[in-house]
Every structure is written in C-alpha cells, then in structure tokens.
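Could you have a look at this structure, given as structure tokens, before my questions?
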Amino acid sequence: MNDTTLKSIAKSLVPENYLALANDARLERDKEIKLLLEQRKLPTYGWSDTMIEYFVRELALLDSNNFPSRCGVGEREGRVICDLVRRRHYNFSHGIGRSGNLTDAQPKAVGSTIMANLTNCLVRDWIRSAGIPTCARATVIPVATGMAMMLVLRTVHAKRPAASYVLWSRVDQQSCFKSILAAGLTPIIIDCIAHQEDVPGVAIKPFATDLPAFVSKIEELGADRICCIVSTTSCFAPRSSDDVIELSKLCQRYDIPHLVNNAYGLQSTYFSHQLAQGARVGRIDAFVQSTDKNLLVPVGGAIVAGFRPDTVEAVAKLYPGRASGSQSLDVLMTLLSLGRRGYEKLMTERKEAHAMLLEGMVKLAEAHGERILPCRNPISIAMSLASFEATAGRLEMIGSMLQKRGVSGCRVVSTADSKTIDGNTFLRWGSHSSRCSVPYLTASASLGMEPQDVTNFLSKLDGVLRKYRTKDKGDGS
Amino acid sequence: MNDTTLKSIAKSLVPENYLALANDARLERDKEIKLLLEQRKLPTYGWSDTMIEYFVRELALLDSNNFPSRCGVGEREGRVICDLVRRRHYNFSHGIGRSGNLTDAQPKAVGSTIMANLTNCLVRDWIRSAGIPTCARATVIPVATGMAMMLVLRTVHAKRPAASYVLWSRVDQQSCFKSILAAGLTPIIIDCIAHQEDVPGVAIKPFATDLPAFVSKIEELGADRICCIVSTTSCFAPRSSDDVIELSKLCQRYDIPHLVNNAYGLQSTYFSHQLAQGARVGRIDAFVQSTDKNLLVPVGGAIVAGFRPDTVEAVAKLYPGRASGSQSLDVLMTLLSLGRRGYEKLMTERKEAHAMLLEGMVKLAEAHGERILPCRNPISIAMSLASFEATAGRLEMIGSMLQKRGVSGCRVVSTADSKTIDGNTFLRWGSHSSRCSVPYLTASASLGMEPQDVTNFLSKLDGVLRKYRTKDKGDGS
Amino acid sequence: MNDTTLKSIAKSLVPENYLALANDARLERDKEIKLLLEQRKLPTYGWSDTMIEYFVRELALLDSNNFPSRCGVGEREGRVICDLVRRRHYNFSHGIGRSGNLTDAQPKAVGSTIMANLTNCLVRDWIRSAGIPTCARATVIPVATGMAMMLVLRTVHAKRPAASYVLWSRVDQQSCFKSILAAGLTPIIIDCIAHQEDVPGVAIKPFATDLPAFVSKIEELGADRICCIVSTTSCFAPRSSDDVIELSKLCQRYDIPHLVNNAYGLQSTYFSHQLAQGARVGRIDAFVQSTDKNLLVPVGGAIVAGFRPDTVEAVAKLYPGRASGSQSLDVLMTLLSLGRRGYEKLMTERKEAHAMLLEGMVKLAEAHGERILPCRNPISIAMSLASFEATAGRLEMIGSMLQKRGVSGCRVVSTADSKTIDGNTFLRWGSHSSRCSVPYLTASASLGMEPQDVTNFLSKLDGVLRKYRTKDKGDGS
Amino acid sequence: MNDTTLKSIAKSLVPENYLALANDARLERDKEIKLLLEQRKLPTYGWSDTMIEYFVRELALLDSNNFPSRCGVGEREGRVICDLVRRRHYNFSHGIGRSGNLTDAQPKAVGSTIMANLTNCLVRDWIRSAGIPTCARATVIPVATGMAMMLVLRTVHAKRPAASYVLWSRVDQQSCFKSILAAGLTPIIIDCIAHQEDVPGVAIKPFATDLPAFVSKIEELGADRICCIVSTTSCFAPRSSDDVIELSKLCQRYDIPHLVNNAYGLQSTYFSHQLAQGARVGRIDAFVQSTDKNLLVPVGGAIVAGFRPDTVEAVAKLYPGRASGSQSLDVLMTLLSLGRRGYEKLMTERKEAHAMLLEGMVKLAEAHGERILPCRNPISIAMSLASFEATAGRLEMIGSMLQKRGVSGCRVVSTADSKTIDGNTFLRWGSHSSRCSVPYLTASASLGMEPQDVTNFLSKLDGVLRKYRTKDKGDGS
C-alpha cells in the first residue's frame, strides 16, 4: 500500500493516532529496503522471514504477469496455470535475461530484473567479504557447477578458437572433467603429486599441483594451442588444493587463461586467500563455485566470478536466451536471511566442526592402528584403512555399514579401483593420483555441520570399524 | 514499498522507463485497495489470490508484533513461537477487540483492528445484497452459531433480568436448544405443526409455526417473564421455516424480543425475504447465522446481525475480553475472493442444484413407491421411507450403506426415535414434531453443491434402495 | 503413501537398494508418530516443521471434505471456497465437537477429532510437567480467557442455579470481571490488600487476598447463595497472586466452588505450585489460562483444566454446538514444535529475563529516586513514579513517550484514575486496591522475552525518564 | 502414516468405525498414486492441489536431507539454511542426476530421483497424446530452450567432431541462433522464402523453407562437414513453419542429423503432425521445446524429445554434473494438476482464441486499409502497417502506445531494421527474410489466452491505430 492508500483508511476503521504509530514502523521497514536497493550490499544482520517475503513479493508485483489489468498477445506472457507452481515461485514467472544476454533487463519483468541484478550485487559483496576483496564481478548462473564450467570454457574458447587443449590438474570428481568434454575441448590430465609419506626430515608438500609437469606440457603443446588451465581448490582429501598462486603466475607468464574450479571453496578463507593472491600476482580469468554448497540452497546454481568484469560478462553474453530466475531467488532470500553476521557465524562454526572432526579422527585412527593422510585440506579429512584392507579386503562394506547407520557422504576408496571416462583412464580413481597406494575413507566438515553431527559420526565410525574387524568378513548387518 | 523506496531503485538495476510501466500497475492495484477502504463495500468482481494476500499482509504489517524494532514488556506481546502457526495466521497474532468490547480498536494491533472492522462492513454489505437491504449492523463473532445464540440470549437477558423463559419453536437440532440451556434460561418448547398429508382439498401449511400455541403461552406466562422468542428459518425437511413475519408481529404486539436462528439461511432469498419483511412489519432484535455454511469457510464463526445497531452492539460489548481474529480473516479473504458476482453465482448454482435434486428425488420416490414429504423448504428435501420400514424395519442400515458409498449428510429418520436433553424430552426426535408419523430421509442442496454431486447422490441412493429391498434384511455390504 | 504404494515404485524409477534405505527413514518417522498417538504425551524434543506438517496433513486427509470421491448432501459439508483459506487451515474445515459436546467425535471429521483430542492430551501432559502433576483433565476451548471464564461460571451456576453471587478478589483487568457480568451473575468485589510500605519491622504480605473479608462475606451472604469464588494468580504488579492455597481451604470448608483465573500463570512454577498445593489441601474446581500467553500462539484460545475430570467435562458438555478447531491446531503444532525441552528452555529464559529486568529496574529506580513497589510477582514489576507525578503531573506522557520509542506493554498508572463497569465503581483503577496511594509503571518479563528486549527497555525507560524531568512539562517529542 | 501407524490410533481418540471409513478414503487415494507409479502415464483427470502436494511431499521425504536421524559428513548434504527456500522447494534439495548422467539415480535422493524420472515418463506420455504418438523418449532439461538447443548441438557434434557447420533456416529470434554460436559451431543461414504477395493465380507457399537453397548448400559444403540441420516450427508470423517433412527427407537422404526447434509448438496439433510425419518419412534426431510456453510454468526448462532413445540419452549423458530439480517439479505438478482432459481443454481454448483473434484482426485490417500477411501459422498473426509507415514513419510509437495501455507481446516490425550478431548480419531483422518489404505488427494466440484477452486487445489496437493516424505524428500519450 502506498502512502495515499494508507491515508484513505477511515477513522471509522481505526483511530488516527494508532495508525500513526503503525505508519512509523512501516516507514522504518521501507527505509531498510531503500538502503538495500541503494547500496546493494549484504545487510549486516539477517532479515526476518516476514521482511524477506514482503520485499520479494513487492518485487514480483512489478512483473507484468502480476499486473491487475494486462492483455498479453505474445508467445510467452508468464502465465502459470498450476496455482501451486505459481505460489512456490512467489509469482515470478518470466525468468531472467533476454535472448541477447543473461543479465539484460526484461521490459515485461521489471521485478525479476531487479531481483536478478540485485542478487548479483549481493553475491559480489558476499564474495568480497568472504576473503576476496578484489572480486570485480559475480553472476549467478542457473546451472550447477559442471555446466557453469562448461559455459566458461566455451566462452574462453570462443576467444581462442584455435586453442582446443585444456590443461587440467587431476581431481577425481567426474563433473569438472566432463565439463571439458562437453565443451568439445581436449583435456590434458596432469596427475596430482602424491603426498610424501611421513619420511623423517621430508616436509609434506602442501599442494597437489605438479607444476613442472604443467610447464613441460605447455612447452610441448605451445601456449597458443592451450585454451586454458583449469585448477581446483576445494576437493576431497587426501588431495590438497592446487597451487593456485603458482599456476596463476604460470598463466600470466605464458598468456594462458586460467579458470579455477572453486566448487565449495568459499567456505574456507584458506581457499579465498589463494584466489585473491593468485589474481594479485598472476592471472585468474574466472573462478566458479556452486550456490548449493557455499550458500546452503538446493542444487541448481553456480556463481561465476572474476577479478575483472570481462570474462564474467562474456559468459552472460554467450548464454543463449532466457534462464530460470529460481536460483537467483534462492540466493537472494538466503543472503538476506543470513546477513553478513549470519554468514560469518556459519563460517566460524564450520571451522570449529573441522577442528573437532580432525581431532576425533586422529584419535580414532590411532586407536585402530591407522593414520590421517597428510594433506592441506581445510574441509575434507582422509584416514587410512590399510589394516582393514589387509584383514578382509572388502572395504566397500564399511561404506554400506555406515550408510545403514544413517551416515552419508563418507567415501571409502580402495586402491584397486580405476575408471575410464570417454576414453580417458584414471588409475586409482578416487585418489586423484595414479601414484597413491593406500586405501582410505574421507569425511568432510562442510557448511552447516553441527557439533552433534561430528560426535554422531565419530561414534558410528568407531562402531562400524570395530564390528568390521570382529566379524572379519564384515557382513554389514 | 512506498513511493520513495521505488524511486530509490537504481538505474543500474533496471531502466527507468521499464520501471515507470511497472509503477503504473502498482498504482492501479493500490487504487482498488483505496476504494475498498473508503467505500467498505464488497468489490463487484472477486480479487485474485495474489491481490488478497498482498492486502492482508500489508494489514498485518501494521500490527506491533511485526514492527522491525519493537520492545515488548507487556504480558502479551503477540509473540508466536512456532513458525508454522505464525505463517498460517499471516502474521496476525493479537486477535480482535479489547477487554471492553469486541469491536474496539487495539492500539497494539492497528492492522487487526482494520481487518476486523472492515470485515464487519463487508459482511453487512453482503447481507444487504443477499436480500436484506435494511440490515443496519452485522458483526462476525468468533464462535459458532450455537455459542453466538447463547451470547445473544445472555445479552437480551441482561436487559430483562427478570424474564427467564425462552419461547422456542421446536427444531430438532441440538445446538440451538442447548444454547438456551447454556445461557441459563428456561426453554418453552412449542411443537411444530405437522404437515397435512395429501388430503384432497386441504392446502399444505407453508410454515412450521404453531402461532396459536405461541399466543397462548405468552398469555399464560405473561410477556414480562418471557426473555425472548426464538424462531428458526433454515432447517431440515420436512420442517419448513417458521413464520417469521407473523412471529415478528406477535413480538411487536407483546413487546417481546425476537431472535431468529438463520443458521444457513442466507443461502436462500426466500429466507432473506422473510427476515426483511418480518423486520418491516414487526420486531426482530437479531438474526444469527453461521459463517461456514453461508460463506464456505471452516467451522468457527457466526454473524450476529440486526435491523438496528443496538442489539448487535450490545452483544459486542457483553463479550468479555479479546477474541480470535481468525474467523474474521477467513470471512474477509472469502468475500474478497468471491466479490459480489462470485456470491451471486454460488446462489444461482445452489438454486439450480436444488431444483435438480428435487426433480430427481420426486422421480426416485415415485419409482420406489414413496413420496416427497410436503413442506416449503428451499434447501432440504425429505422423502418418505414408509414401505422400506414396513419391509425390514432397520432403516438405519440405509444410512450406513450410503455412507459406505461416500454419501455424507443424508439423514435417515425413523419414527421410533425420541431424545431427552437436560430433562426435556423430544418425541419423534428428528421430525421436529411429536405428531409426525412417517419415516424419511433428507438431502440438502446447500451452497457449493455441484450438479455432479446431485447426479452421484441420486444414482447411489437408487442403488442402495434397490439393494436394501432385494436383500430384504439389508446387510449393508 | 502406504506400504503397498511404496512397493509399487518401479525399478525403472529408482533402484531397489536405494529405495530400501529411504524406506527405513520413513519407518523411523512413522514410529515416532505411532509413539505420539499411543502415549499421547509431549515428545521430549521438538519436531521439525517438516515432521509437524507431515503429521497434521495426514490427519486432515482423514476428514471427509478431503476424500477423493465424496458426495455431500448435508447442510454442511466442509466445503471451503477460497483456496487461501483452505490452505491456511491445512484442509481442516469441520471444526471440533458436535452439537452435544465439544469433545465428541465427528463421524465426518475423523482427523479433526483425533487432532482435538490429542491436543487435549498433550496439553494435560504439558500442564503436568509445568508443575501441576495432579492435573486430571484439560481442554482447549476455542475462545479467549474471558469467554472461557464465562463458560465455566455458567457451568458451575447450572449446578447451583440458586447461587448467583460470585466472590471475586479484585484485579484491575476488565476481562475477568466482565465474564461474571456476561454470565448473568452478581460479582461481589473483595478489595485487595494494599501492600505495607517499607515500615521497618513490618513484613511484606506476600499475597493480595483479604481472607478475612472473604470469610465475612460468606457468612453474610450464606455459602448456598454463592455460586463460586474466583481467585487470580498472574496479574500486574503491584498486585501479588491471590492466596490460592488459603482460598482453596476456605472453599472446601464452606463447600463453595473455586475457580482460578490463571491467565498467564503457567509461565511460572511459582503459580503452578500454588495451584497444585491448593488442590491438595483444599478445593479448586477449575483453573483457566490463555493459550496465547502461555504457549505463544495467536489470541483466541483458553485451556480449562481441573484436578478431577467432572467440571472440565461439564464445560465441554455445556458448550452449545460445534466450534473452531483452529486454536487446537495452533496449540498442537506449537507443542510438537517445542517438545518438553523446548518449553523448559522458554521457562528458564523467562526466569532469567525477569531477574535481569528486576535488577535493572531496581538500579533505575534508585537512580531516579524511586523504588520498586513491594510485591510477590514472578512476572510483573512495578516501579513508583511519585517524584515524577510531583514534578509535572502528566504521567500519561511517560507512557506515550515510551510508545513512540517502540516500547509496548509498559503501563503507567496514576493514582487519580477510577473506573465504573456496569454500575460497579473501582477506586484507583489499575491499582487493584482502593487503598493504594502511589503512581507507578509496570513492566513484565513474559514468555518469549529476550535479554536484548530487557536491555533495550531499560535504556529507553531511562532516556524517557530523564527527558521527562528535563523538559519539566514533558512534551513527549 | 503407514498402515501400522493408523492402527495405533487409540479408541480414546476416535471411534473405530469412524476411522474405518476414513481409512477407506485413504486407500482410495493411495490407489491412485500406485496407478500413477505403475503406469507412469498422465492421469485422465487433473488431481486436486491437496492430492498433488500429498504426493510430492511424500516423495521429498524419501530424500536423505529429510531423514529424521541423519549424519552427513559429505561435501553436499542437501542442507538448506533459509526456511523460506526450503519450503518453496517442498524440501527437495539434492537436485537431479549425478556427475555421470542427468537421468542417473542419486543414492542420497530417492525421492528426487523418482520425481525426475516420473516427470520424464509423464512428459513423454503427454507429447504422445499431443499428436506425436511415436515419441520414444523425452527429458526435461533444467535450462531454457536456447541452452537446451546448445546442449543438443554439442551432443550431436561430439559424434561428428569433424562437422562444424549448422544449416539453419533463418528465424529472427536471437536465442536459437545464439545457441549455435555458443556451441562453438558455424551457422550457415538459409534465408526464408518471402511469401508471395497476393498475385492473382499464385498460390501462397505454405512453408518458409527454401529447400533448393538447403540442397545446394549441402552439395557445396559436403554432408560430412555439416553437423546438423536446424529447422523451426513455431515462430512469429509472417514466417510459417519450416517444411519439417521435406527437411527430414533431405536429412535422411544425406545422412545429416536434424534438430527441430519446436519452441512453443506443442500447443498446436499442426506442428505435432509435421514432426510425427517428418520422423516417419525422414530423419529427426531430436526436437526441443520450452516448458514455460507449452506447459505454462515459469521460464527455465526445456524438453528434449526424440523418436529413438539414443540422442535424448546422449544429451543426458553429456550433461556435466548434477542439475536443478526445480523445473521437473514444476512440470510434474502442472501435469498432475491438468490431467489429460485439462490439457485438451487448454488446447481447444487456444484454438478458439486464435480463430477469434484472426477474425478480429482481419476486420481491423480492412477497416484501416491494411491486410493480414499471408502465412500458415496457427499461433501468430501479422497485420501490415504499410499505410501507417507512409503517414508518420515512426511505427515504434504504436508499440509503446500499446504497452502503455497494458498490451504486452505485440511486436511492431518496420522494414528498416537490420541486426548483426557476432559478425552475422540479418537484413530486415524481424522479418525472417531479407526479401520482405512490408512493415507489420504481430499478435499471438498462445496457451492460456482467454476470450477476454482477445476482445481487449482488438479494442485497444483499434484505439491506438486511430489515435496514431489522428495525431499524425503520434506522440503516444
């Protein structure tokens, strides 16, 4: 209701002085919204659900499908026939972007346009505050990380049509590798450095990246024929983050684009620091992360961000046609709900959960005659299962025993597995390196984990390991 | 968002000319709301769900429990701890009324106050348009019809403390009778006139009221000792409506208050006409109806209305303390959703369903050697079951067979039943008259009934009656 | 989906072993519901919103208005025409109770019946755990406290029709007093004991009740002519709780029914203890409390509870007709959401908030040359304003200054006010006693108050008091 | 609640015989769900919202993020931090697909898996019933049409890596053209046939496709170097559908893949027939359509369908990583809500709206000295504006005047415009052909259009054209 409407409320309905107090509160609320629209920065404190819905609904009412008298003769008028669907999208229907550009304004959908653009502004502000202050542009892309990587690869390739090789530091997760194939490019797999075992006097290599191998491949193929280098930060232990800083320097030196797969990396300031530093001393064209893992929204969105606007904008321009606004809406509501303080709290709690998980797993490893595999990974932890493999040899049983006890996300990797994707064979799949030699299980402390989850997991893991040993054959019941 | 907020939307978020068009639509919407608040009349056409929710939410934001910065040190601050509960009440929490009066404004709850008062205005407008143009005041009371009757009885008694008798034209439905007992008053039951059977040459008496019996009771007890007369319009066949007009004249003549139990009577212009006429030529202090049956909302509310403001206001003033606003909200949303046209459509469809049902039951009665019991009842129809009783004598089986086939609301009344409530015995309970002599079943065409319901019912009834006859003992399977 | 449905999920839709794990989780969930239905006790830990909605929706599906094929020919078929209304009531529509009894089962509404009865069971369990272990029966009545008191009064009077006096220990809140008038009974006001000022050597009287005055009134009127005694626990300071224990003894001695207005008393174990003890050593027929204040739901419901089933059941039987199920639903969802632990936490936090508020107000009083008025009240605190009245004489200004700063619920009571309700005059209205002589303001620490509310209030109060003094005339800006 | 739970409902909560009836209804509901899961076909009649939500929520409860006791130590556990976001996704969070394949089952998300796979089955059934009975496979892809085309192009190219040309029958809508560029392929634009003007004795060519030009291009480039041919069915008038049947024959003859951009073509049986015939007599590898335009859901999804499973499956396999399940959910809810009959009704109404719109525009054209441009287009209609261009020359004013009056979707195309996309120049952009010579406006009768929309539009268009003429310079106010 605008100011005129409010004034029309008859005294017969409510006394004027009561109304005046209520109007003060109304103005206070609108002031906060005004501030958001003007500054386009994360609010310090999270908004209440009521406030978020108020704002989001007001935006949706600016879209033509919600106009009281409308007369649509186009081929797409934002009509939604199922009421349940209409409701769950808060009356948004037109999606975002236009044929020409994912970030273009839609004349028919002013509210959706504001919603999407504001979300991108808030996302940038959030990335900056998460440890990457030099982030220049960020865009929510309504596809998950793999597809977003593919789009960025295509964008980069469009500028270097003759360069079809992608140098990729191996990480044993299909999605990123497949994005290279889906983009029609040729992956060159650079195997990870296997971590040095606890040889006395030999320091643990903190990074996974085989830099010399990268250099020799570049020299071999020629920089001009390399579309880009793809590095990875967040990943399963025992793989560590790639040495983003050194790779960035390399890319700058050879003038090769550099994409960073930062899938769930915004959860840790350690990764953010790598990115900020890499961009300062070298070249990073874009870094890509998922919305679900970093912002705890349903799967389906990714954020493409960069230190200069160009690559991010080029991705938006490459995007053919309109797109779902659903992911932007999820991100917007979540960011408003958390506020800066809310996100900081999540980050702190995650860090504490990681410390707690690490401590517990160290103890457990000791008790079972195993060890934590050496690596620098602020999220994922790997514990060896060497003695268990020796005993029974059916390690996958441990995984399914855990699953039956409600544990999800715990990966058991035996040394025997290998995998072929589209003609590319990965020895010791799951270990990120063909030189790895020990079976292990991993557990992660990711955003939203609670202390109780850690305690439960440790106790269940202990129980399962004991049972497995006792039964010898581990029938898993 | 107020006008200033909208202007603060940066051009970087959306182009100005696009925003201007969206703002036009926004102003159009607010204009409609302004009109409602100024005129306080039913809109001609129903509003969309989006529009209704927009309006209701804006109202709720005027309540102090939704103020962004609030500091509550009272004993009741409208806090709602369960989010699901908060949501389903659209953030309304303070209820309506104050200790002093059900219709008083609450300083803490401006939105709830407007909501409740506006609803009462719309309800009055709706009653006027439903055939009672002289209705002067109407109030939604958040209790069902029985309790509402009890409140009105207590209000009337408060003004006539020495008069403790209530003359009540018998209707075999417990709730109204119990409201007299609950009010602490003494009911005097005036048995209904049993309808003349089809004696050739004898006209059917259109009304149920035994007027001479009323007169003689008044003379016997003395008008001063009679708290009021309670008559009933809508009821189950074979009872007809009371002769509201003649009773009104009687009440005027003897200066006795007159309450009409119009439970689901607003569905039929026939009843409305009785009320309007009764008030014109005689005395009606208040008429009471349910919100659920006349407006298709969940059970829980009633409307007390009158032709002068005094009794309705006195009821509101008698009400001790605050009350639920939930029923007013249901009524408000429903009236806005229907609009004048929507309600008219429902009325027309109901009338058509009744005609269809009557026609079908006449045919069915004929086919089974029964007849439709004579009465003037625009909603409920009674069909005799004389030959069925003769056959097997277990008529209740017919009811349960229908129920098993998904038929609800069909009442089978055998002549044998009688019932005692708090010391008062009702011979042939269910027949509204101790002189009734035929078993029957009833079916109603009430608001919201669809043609398909009629067809289904007729076919199922036919099937059950056939089966009952065939099996002779009717085992109901 | 029942077990057969689940088995029908084709392998082409999802692999069997995946489905098996999901089914385990499903069984776990259903087990918890089974436990609730069997034990009918508060769960120890609160349920998630998802779980609550799952349960509530399943119940609603048992009501006939939600049957896939239904054929309704009654006068009330639970049809809901406005979709928004339907949704907000979770598809419940039939209300609770039947003509005969508020707690009777409805054949058409099995889900509503279970919902209402289960809620009553959980409420009893909650009251027991809140410090009244001997509570025998409790019923949610879908009217607020005042109306509920009125119903109980009418119920008691129905058994003692010749007894029309209600002995009432004065408490200056209109609703309870009006309920006596609305019930058609005659209130006898027993003025409260004014608290002894800090006369050295004189102990503060912990209770408000003028027991000797009660005794003399009983003797004067005769116990047979007294319908009941109404006492009050929770109330605004400087009134303390009535001496429920001694009044209970009195009632037992004279065989007079005893009703306790425990409006928001379940928040404090102090009041609960009074009630439990009173029933042990004397007579308490029923105690009445609001759902909104004790359970943080929207205004509209009350709980009538007793130490023997009879009075509570009699109230349910007196209730004429059906009633709203909305309040029971709010209570059910809230109790499931909190669980036993959740409510305990709320109680603890309230107690802490009270201690914090008291400490702060003591300091503030000292700083402004005032004092906390002596009384035993675990919720409300009163601070004198004697020197402020002396200065400017417009104490109400303090109230409106606080209101403008967002403070609600702080009552400023000047000694000058008096009030007449229906012919009964209350000297020094607001002070609960005609012998009170000091102006004051009150603040309460009620359920749901947060530490931040206390801090905010204290700081705002300090500011307002300073400003008022400075400006002398306190223009309130 | 499963069967055991139901049995645990104590008699003290509800009588057994009442419960039995409710259970019958419950079984009836579950039977319908069982049928859906077993047959995986569109229900004949649409389901109620209550039923749809019941089903969808039951599915979501099978996902691990909703398990009562869960212990997640993975990097993605489906946690959703913002309650509003959780609610609007009905507790679905894991998305669909796995790294390996968009249609793979997720062990952690059984409900999401069933939901997505079932949706695909229903979509296929719906396409079959919409006039393409030979459709073998269909998959909802959670990207809009443009991106879906790009994915299909990349999939086709992956099998023909040496073939980089895409022969594309020009249609002046950016999104499809951009999808070729985004896929990294080289578009060969085949200009459309301009329709013969009303030369007496010359029949109007029903199709837009310049078949001889296609043949000569194939001969020129060589079939092996052509990745595929892209044809279009639904488009803006005055362009007609491509001659899908002849192009299919051509593709078969030359062994070239054939993709059909059927963006909003499922609305018209005319297009469906083309596709079915094309596949019967020639080659169609896949046809792509939007979910928003054909099913009236929010923008964001597309359906890739084919007459053999292979291409559709290959697209799903190419998709790198997981994806949003939001679009599948929208489609599922909408299809269940409509049922077969509901969709048929929408189709019929659209056809009627088109006839009505055409008739009205023919009259309008006549009145203003213009004509309807000849073409075979069952959705979009183009009316010449030759005389208007002659008068004032600022045709875009007509568009903005319409917009100000609430008309959206009406495109005004002047002959002067031309556009360059990524180096490709389109003469007379908007006319689909460089040989077109007349300015015009278009209006469409698309799904969901109501008769009132047509009437409103015609009246507004008439008004605007008159005003434009009068003012001569048409200042648009």
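Residue numbering begins at 1 within each chain, and the chains themselves are lettered A, B, C and D in the order written.
Basically, a residue touches a chain if its C-beta (ideal position, glycine included) is under 8 Å from a C-beta of that chain, and two chains touch if they have at least 3 such contacts.
In this text the structure is predicted, and so the values were computed from the model without any measurement.
Undergrad: Report which interface contains more C-beta contacts, comparing B-D against A-B.
TA: If we tally the C-beta pairs in contact for B-D and A-B, the bigger total goes to A-B.
Undergrad: Please flag the chain sitting at the greatest distance from chain A, going by CA centroids.
TA: Of all the other chains, the one whose centre lies farthest from chain A is B.
Undergrad: So, what's the distance in Å between the C-alpha centres of chain C and chain B?
TA: A distance of 30 Å separates the two centres.
Undergrad: In angstrom, rounded to a whole number, how far apart do the mean CA points of chain A and chain B lie?
TA: Averaging C-alpha atoms per chain gives centres 56 Å apart.
Undergrad: When the centre of a chain is set as the mean of its C-alpha atoms, what distance in Å lies between chain B and chain D?
TA: Once rounded, the distance between the two centres reads 48 Å.
Undergrad: Find every residue in chain B that makes contact with two or more other chains and list them.
TA: If we look for residues of chain B contacting two or more partner chains, we find 21, 25, 49, 53, 64, 67, 69-70, 83, 107, 403, 406.
Undergrad: Show which residues of chain C lie in contact with chain A when the two form their complex.
TA: Listed in rising order, the residues of chain C that touch chain A are 21, 24, 83, 403-404, 406.
Undergrad: Which positions of chain C touch chain D when the two form their complex?
TA: 1-5, 8-10, 12-15, 18-19, 21-23, 25-30, 32-34, 37-38, 40, 49-51, 53-55, 57-58, 61-64, 66-70, 83, 91, 105-107, 110-111, 113-114, 117-118
Undergrad: Across the complex, what residues on chain B touch chain C?
TA: Touch residues, chain B against chain C: 49, 52-53, 64, 67, 69-85, 88-90, 92-95, 99-100, 107-108, 142-147, 149-151, 154, 157-158, 161, 173-176, 178-179, 181-184, 234, 236, 263-264, 290, 292-293, 295-301, 318-327, 330, 333-334, 337-338, 346, 357, 379-380, 403, 405-411, 443-449, 453, 456-457, 460.
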